[in-house]
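The two complexes that follow have chain A in common; it is paired with chain B in the first and with chain C in the second.
Let's look at the complex of A and B:
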């Protein structure tokens, strides 16, 4: 058994709906782990289990005690009626941090996130991006060992997103284990490892390279949407059709039929995993 | 080319603040145009002028060759970020309501969305709501589609399917204007328009906008040690997988700042997002000057 934070074989159901069906994840220190999936994939349920906000029906969760854990729920957990500085003060007291250390850290993070001039503003009056930056700062002000962030960047504009990524990288560089949910694969590609959920099931996991290498079959370009059964295995990307052939040889291997196979990337591999999981093979 | 939507030297001020500054924009039939910009870049103000919800301070907005009006509004399909559906109506009732506004001749709800019957939209999964919003926006065969962050919260396969719908509308001759924060999505557009500080600061395909620019990439044995070293040297560092990227820096300077840390430093092509930042920062700097 490793000392890494994470979860093994989690099952969670809400009535008849299975929200997590045997999901495992490890969160090594100093690394960012992405949990990817659309709405309803089970991302929030997994993160709530990791943060201790929800007890799974079965399975094991390894997490530090609550003073060494940071959690940004999907609802951000920021008090709109307090100012930016008061929100962080309040959180620091909750974490049991010495006042001076809390002030120094808050000042550094606010400055790097471009929020210094907003310190006196009510959190409820911030833009979406500023509020998310404040929420992430609040989740990691106490230098926790594990930080769990539920979609910190959804709906956030690119400039605020880059501020959020600086905060995340800073914490990881200090040895914190970070788990973040996202719906965007370009973001997942920036993480050390990726777990892809669909309907509560793990459909792919590993580094981005692992997931691409594990893609079954091959992809071929097509000039138009194919007919019949192949239509379900086809999609259009950047103006070009691509068709997944479940039994096909990978790029660079075997004989060619039709066009040259396309070298897949993470987006292709995750799309194929969703097709295979949905029974399109 | 006859333009479906056109902005000529359009400016919009709010008091002393100029939200949109002498913007020129055209959307032609069959074109998918992506509008990129940070918060406050002026995207929303521009969209509101195109929808006819806001007047211009200067310049001309024309839709289908005439000023925006109720008549031009009927030829537009709009999917706002919040989807714009009525939570307390069923999918079919939402569509009926839209037909009452846009007139008869609407395409009926697709079969896979019919199966939700009389369930209220507010109780359906967000992915289904998004498909209903698309079906509603397309039901009156609009000549111009305006989509605000169309695939936010959608998984990659669902996103590919929504883009298929968008591309089909464009193949059928509709013009499409899409705003997005996500560069992945920008690659689906035939042409991009980048706004910053109220102005159009770049326009073209993704490759044209990137324009061969390069950034420094660092592959270090310990990325965290490299991150700390580059940070303390005052460089802007971004995490990328298990490596780092240092936009705007000189490779020799990066090498020097790493000291004796084992690392491979090389120049690689910039991403659209990195180029977007450069453009946004330049615009902010020239605004301040």
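Let's look at the complex of A and C:
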């Protein structure tokens, strides 16, 4: 097994639009790597390159051969007019799995995901969360070395999300390298490392703690949206305004200026990274 | 309501293909059909055999056109000319009265020939010199001149076009719409296997369809099947090969099922109207007729009518077979290449542009 899958210095453009601009990513075995970013940040493009569905203009992709790679595209890749069992059967045959092993593993995964009773239902009739769980199971059924999941939890209810996380964590525990795109930063915090994309560019990477620690300046609370230049550095979260001060001291350091500095979390650090990248500093 | 009207216009404007269907297609169809829509037979080709074969040309006037004469050949040669589609009418001389054989599988030519012969007999007085004016007439291959006999062999082809082109294009484009084509691209499947796996089921369905249509045509409509089933089967196989390829080609340039249907209809209409199925090829104006030679149904029509009605052997049908095979190779190669580009994204060896590299540097 190769020690680390991933990509180096990927560059992808669609016509004049640069979708990925020198993006690198490591996916160590047994770890979950999160790719976060807003709409159009380049998450799906990066994952498609990693999975081999898209060839980059330049850069290096390290991935196992197709038999040892699992991929969940943004569209879920599930046939809506096949049943749950038929979808998994198609995947198992496609990956050349022995029939008995495929049956046993499918039964186990369906059981753990709470989908056993839905095995005979058409995938198109499943709820969004059930369909995503099926898609994740299908991507992992053949025990790949690298699993690439494009927003597996988007639009999924909290209960189904925990079910999905059980599947993901178990695959990682078995030594699988997992790369998943997500828009939920609480999920990204649970991952071993995080890559933050904005406009096709890496604006932060590392563990969630590293990214938070590397956040420049400080955050302060405000009762109302500030005026002037500071308005560009303010956002509302949990009922109050937060203002980023690029030159300010971090929480617990320096002098007080208009309120106690807020101890930032990953969500704050990613927001600040995007502001800094956008020139709000 | 105004908001809805504006919205619809905006949507239609962006969907160029629908716009083309709405504006260009009716004009195109009218022009093409205007030239194509003709049952009038202006020329009836004639082959003459027997001792007086040479004089037949001087007796028969337009619309007859004596293109082949063989004074030293007999009735079997004349029949072969009709069977192999080399002439519409054959005149056998040498007997007490000339014997005119008419190819009933060329329905409109046959009707025109009968009418022209009757007119000639009415005009010319009978007498010792009027050798050609009191012939015995035999209509071969479709003696009752039944329309169903010539339509059903052609309709077999239309059924195959329907299944082959429309259904196949929908099946493949559905993979793209549901996003499963991307899933297939990363699975350990060879593009060739995916391609064949996609079309083989439709191939089998089309083959069953064909058998049903043939059985219905033969049992209910009494259409004869005089020729070799193997020759017919080979023709159908080649024809299916082309139509399935067109289906995949259509799906590869369509983003959704609506677009696929539009394109498939655009290929189906000219095939129905210009292939000789309805209007005889010889009646279609030359300015439009050339289109027919790019349509697979034109060749399948020739094969199916030739085999079913005239028992035409494969040696006489080599031209439609060769053209069908040629069309098949072109279409299937194009379809495979398009399909492969989706399933095996080739590495694009382009270097990053300078501006983008600078932007990367600025962000680092």
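Worth pointing out:
Here is the rule we go by: the second predicted complex is superposed on the first by the 278 of 281 C-alpha atoms of A that agree within 3 Å, B and C clash if a C-alpha of one lies under 4 Å from a C-alpha of the other, contacts with A are read in each partner's own complex, and residues count from 1 in each chain.
The definition used in the following text is that contacts are C-beta pairs under 8 Å (C-beta built on N, C-alpha and C of every residue); 3 or more make two chains touch, one makes a residue touch a chain.
A quick note: this is a predicted structure, and the numbers were derived from the prediction, not measured.
Judged by the touch definition given at the top, the superposed model places A:38 against chain B, while chain C stays out of reach. By the touch criterion stated above, A:129 is placed in contact with chain B alone, chain C being left untouched.
By the touch criterion defined above, A:94 reaches chain C but does not reach chain B.
By the touch criterion defined above, A:185 reaches chain B but does not reach chain C. Of the two partner chains, chain B is the only one touched by A:154; chain C is not.
In the superposed model, A:246 lies in contact with neither chain B nor chain C. Of the two partner chains placed by superposition, A:221 touches none, neither chain B nor chain C.
A count of residues in chain A touched by chain B and by chain C gives the higher number to B. Across the complex, chain A is touched by residues 178-180, 182-183, 185-189, 345-348, 350-353, 356-357, 359-360, 363-364 of chain C.
Listed in rising order, the residues of chain B touching chain A in the complex are 37-39, 81, 125-127, 149, 152-158, 160-161, 163-164, 167, 181-184, 187-188, 190, 223-224, 227-228, 231, 237-242, 273, 276-277, 280. Partner chain B is touched in their complex by these residues of chain A: 30, 32, 36-41, 127-129, 154-162, 165-166, 168-170, 172-175, 183-186, 189-192, 198, 207-208, 225, 235-239, 267, 270-271, 274-275, 278. Chain A meets chain C in the complex at residues 11, 13, 18, 21-22, 48, 51-58, 65-67, 69, 71, 73-80, 91, 94-96, 201-203, 277.
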